[in-house]
Amino acid sequence: MDMLWHVWDAIASHRDIIIIQTINGIVTGMILALVASGLTLIFGIMDVVNFAHGELFMLGAYVGVVVLATSGSFWLALVLSTLIVGLIGAALQITTLRPLLGRDPLTTILATFGISLVLQNYALWQFGPVPRKIEEPITGQFALFYLQYPWYRLLIAALSAAIIGGLYLFLKYGTYGIWIRATTQDRVMAQAMGIPVPWVHTAVFAIGAGMAAASGVLFGPLVGINHAMGLDWVLKAFIVVVVGGMGNLGGSIAAAILVSLLEAYAVIVISEINLGGQPLSPALAIIVPFIVLIVTLLFRPTGLFVPTPK
Amino acid sequence: MLRTEDLTVRFGGLTALNGVNFEVGRGEIRAIIGPNGAGKSTFFNCLTGVIRPTFGRILFNAENIAGLPPNRISQKGIARSYQITNILPNATTLENVRIAAQSRRHGWALLTHHADFHDILDKAHAVLQSVGLDAKADELAANLSHGEQRNLEIGIALATEPQLLCLDEPTAGMSAGETHDTMALVRRIAENLTILIVEHDMQVVMELASRITVLHYGEILAEGTPAEIQQNPKVLEVYLKT
Amino acid sequence: MSAPQPPVQPLVTVDDIHTFYGKSHILHGVSLVVGKGEVVGLLGRNGVGKSTTLKTIMGLVRPSQGEVRLEGRAVTSLPAHKLARLGIGYVPEDRRIFKLLSVMENLRTGLDRHGVAEARKRELLGKVFEYFPVLAERRGQAGGTLSGGEQQMLAIARAMMLEPKIILLDEPTEGLMPRMVSQIKQIVDVLHREGVAILLVEQNVPLTLEASQRVYIMEKGMVRHHAAASELRVNDAVIQQYLGV
């Protein structure tokens, strides 16, 4: 009883920062969801583990930089980057992944890993090692407790939600959405129904790439854009995809938000801990996603949001 | 030599085998036939320890082996060839059989060179002769024809010196000529063995089997000599789906 | 009794097909013909290669030798989705409806083709719901929630959405109650009246003899017998030999 009171007291006294971290967690979670959706969609339909996904994210951000520099419009950068990287993704799938269909899955992993290396080094060669910056389309902040919270962060969450929502509607109600869902469930039978499965695969890869690129542009203003930015994100995205259940779209979105929230809350908890008189660095919260991954693999390896197979 | 008592296997709501009381005597060649889904593979899987039965006993030489793991069952003297060929493609024909023959010897002779185990080599060669592959002893198993690979599969099972040999669709995918050769092979090795054979090729079944057991929906529908089974009206009905 | 005359207007010709699954030589030179609007039966025990023959025609399995022709044109190397568009419908042995898609969405996978007017699509749907009122009732339900018989009807209806010239039917009555078996027979008759050719693989001999004009019998990967259905009876020596015990 006494214990509960202490816990309640702790939560109440930290109310402000808890709310702030909840918002931060959701914002990061939505971007992660956007990246992870593409990844899980690609795996679900063609059993390809796309190791180049983080680089498509990075490429999207760079294309955004270039378009922004020439046109001055953030929104144009967002749209064009999505389209251009989507097309690049389609081209990559046709040239390197289609010929590998039906082979040992290891070959596609190596192929996408190779693509990621090529893209990273291309970016380094093209843009140099100095990080670039994308300006936020809307500046301005509002007062959130003791913080000045940027509007832009809320905008990111809203846009990501809108894109994911659009994807869901497309899959559920669009003609091609039905083709994609049918191919994901039974590739062979989809072919027998006249669905051009090789093109469906290309389209899904392009959609995944486009979504990664959009995340890159949206996230751009929050960090510096450099050739290695894909690495952090692809790792987290993979964790989210596994935790949510590989191929399970709803699961990855839920997992993305869950993992980001947990990490955000962990920052609060960690900053409270003093070890030998020194406060722990909140950057330690970075281990949270990995802990979630380990727990998932130990107890529900097919995914937290997937019904346990009998 | 082998008897099952009330052998039952259920997978969730599906009853694959329902109270099967099966018996085969030493030296018989018994064929097990039945339409798709009758429970033939499930039956073999129980006998060889791949599946644990839900209920019932399997008595092999009066000992209940139900639920034992496959390696223990192999040591007790039951061997099986598989429907999907299970040989080691990167080893030679001789090596495939030798490895199986070695499983019968127990020992920690780590320092003796493998070529010095004469008795095992002799055994392996003898097995290869009985399956007609002695001429291809040093050929890589992957280079054998499909029919030869299936016969090698039987040879590997033989090398474990079984008392009971379970053959799972041994002539699947074979041409008429290869089927004929395999039938001759089975007749040759049948002398000192008890053989259970699951088959869809009725010619093979009728010519090889001394008795036939017909499974249907997990139960024994009929048992008898080939002549009896061919005239059994219940069996004909099942096969002709009247 | 000599083999019956080949059909005047061959629709699908299978010419000396050899097909392997890995190392297994499943089809050892299969040849058969289905004429326009004909119902042709393909009988044989388990494991003789009937399903593999259908899969080879559908382009789901590549033969190592031999040719498949559709209306005289060689289509052996075409992928399955092109063959579906050219007019071959496939109803596999395990039905394989899209379990997570609704009944309507399952039908739409065949209905949503280029060059089909909306009016025609409505007409097709109307027809199929007339023949299968159960599907109309359950149109919003997920495919996986249907019973076995209903899934079989959905699988056939789905193939009909392609407006095919020929439907490859693989053991449609397997696992169905006798009442449903006669329903399947009725559907085959209806399709025949509509001018759709059918290659019917079955283990149910009486049904096949009733529904087909001609019958092929396979054994061990080859066609061993070919006769007009009217000349065969269930207790014929030939039937007993290849299908009995």
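Some notes on this structure:
Letters A, B and C mark the chains in the order given here, with residues in each chain numbered from 1 onward.
Going forward, a residue touches a chain if its C-beta (ideal position, glycine included) is under 8 Å from a C-beta of that chain, and two chains touch if they have at least 3 such contacts.
Bear in mind the structure is a predicted one, so any value in this text is a computation, not a measurement.
Chains that count as touching both chain A and chain C, per the definition above, do not exist in this structure. Comparing each chain's Cα centroid with the centroid of every protein Cα atom identifies chain C as the most central. Measuring from the averaged C-alpha position of chain A to that of chain C gives a distance of 45 Å.
Centroids built from CA atoms put chain C at 35 Å from chain B. Centroid to centroid, with C-alpha atoms defining each point, chain A and chain B lie 52 Å apart. Looking at the complex, you find that chain C touches chain A at residues 58, 60, 79-81, 84-85, 90, 92, 96, 98-101, 105, 108-110, 112-113, 158, 162. Put simply, chain B touches chain C in their complex at residues 33, 35-37, 85, 146, 149, 169, 172-176, 179, 200-202, 214, 229-230, 232, 235-236, 239-242.
Across the complex, chain C is touched by residues 175, 178-179, 181-182, 185-186, 188-198 of chain A. Those residues of chain C whose C-beta lies close enough to touch chain B in the complex are 21, 23-26, 28, 45-48, 174-175, 203-207, 220-221, 234, 239-240, 243-245.
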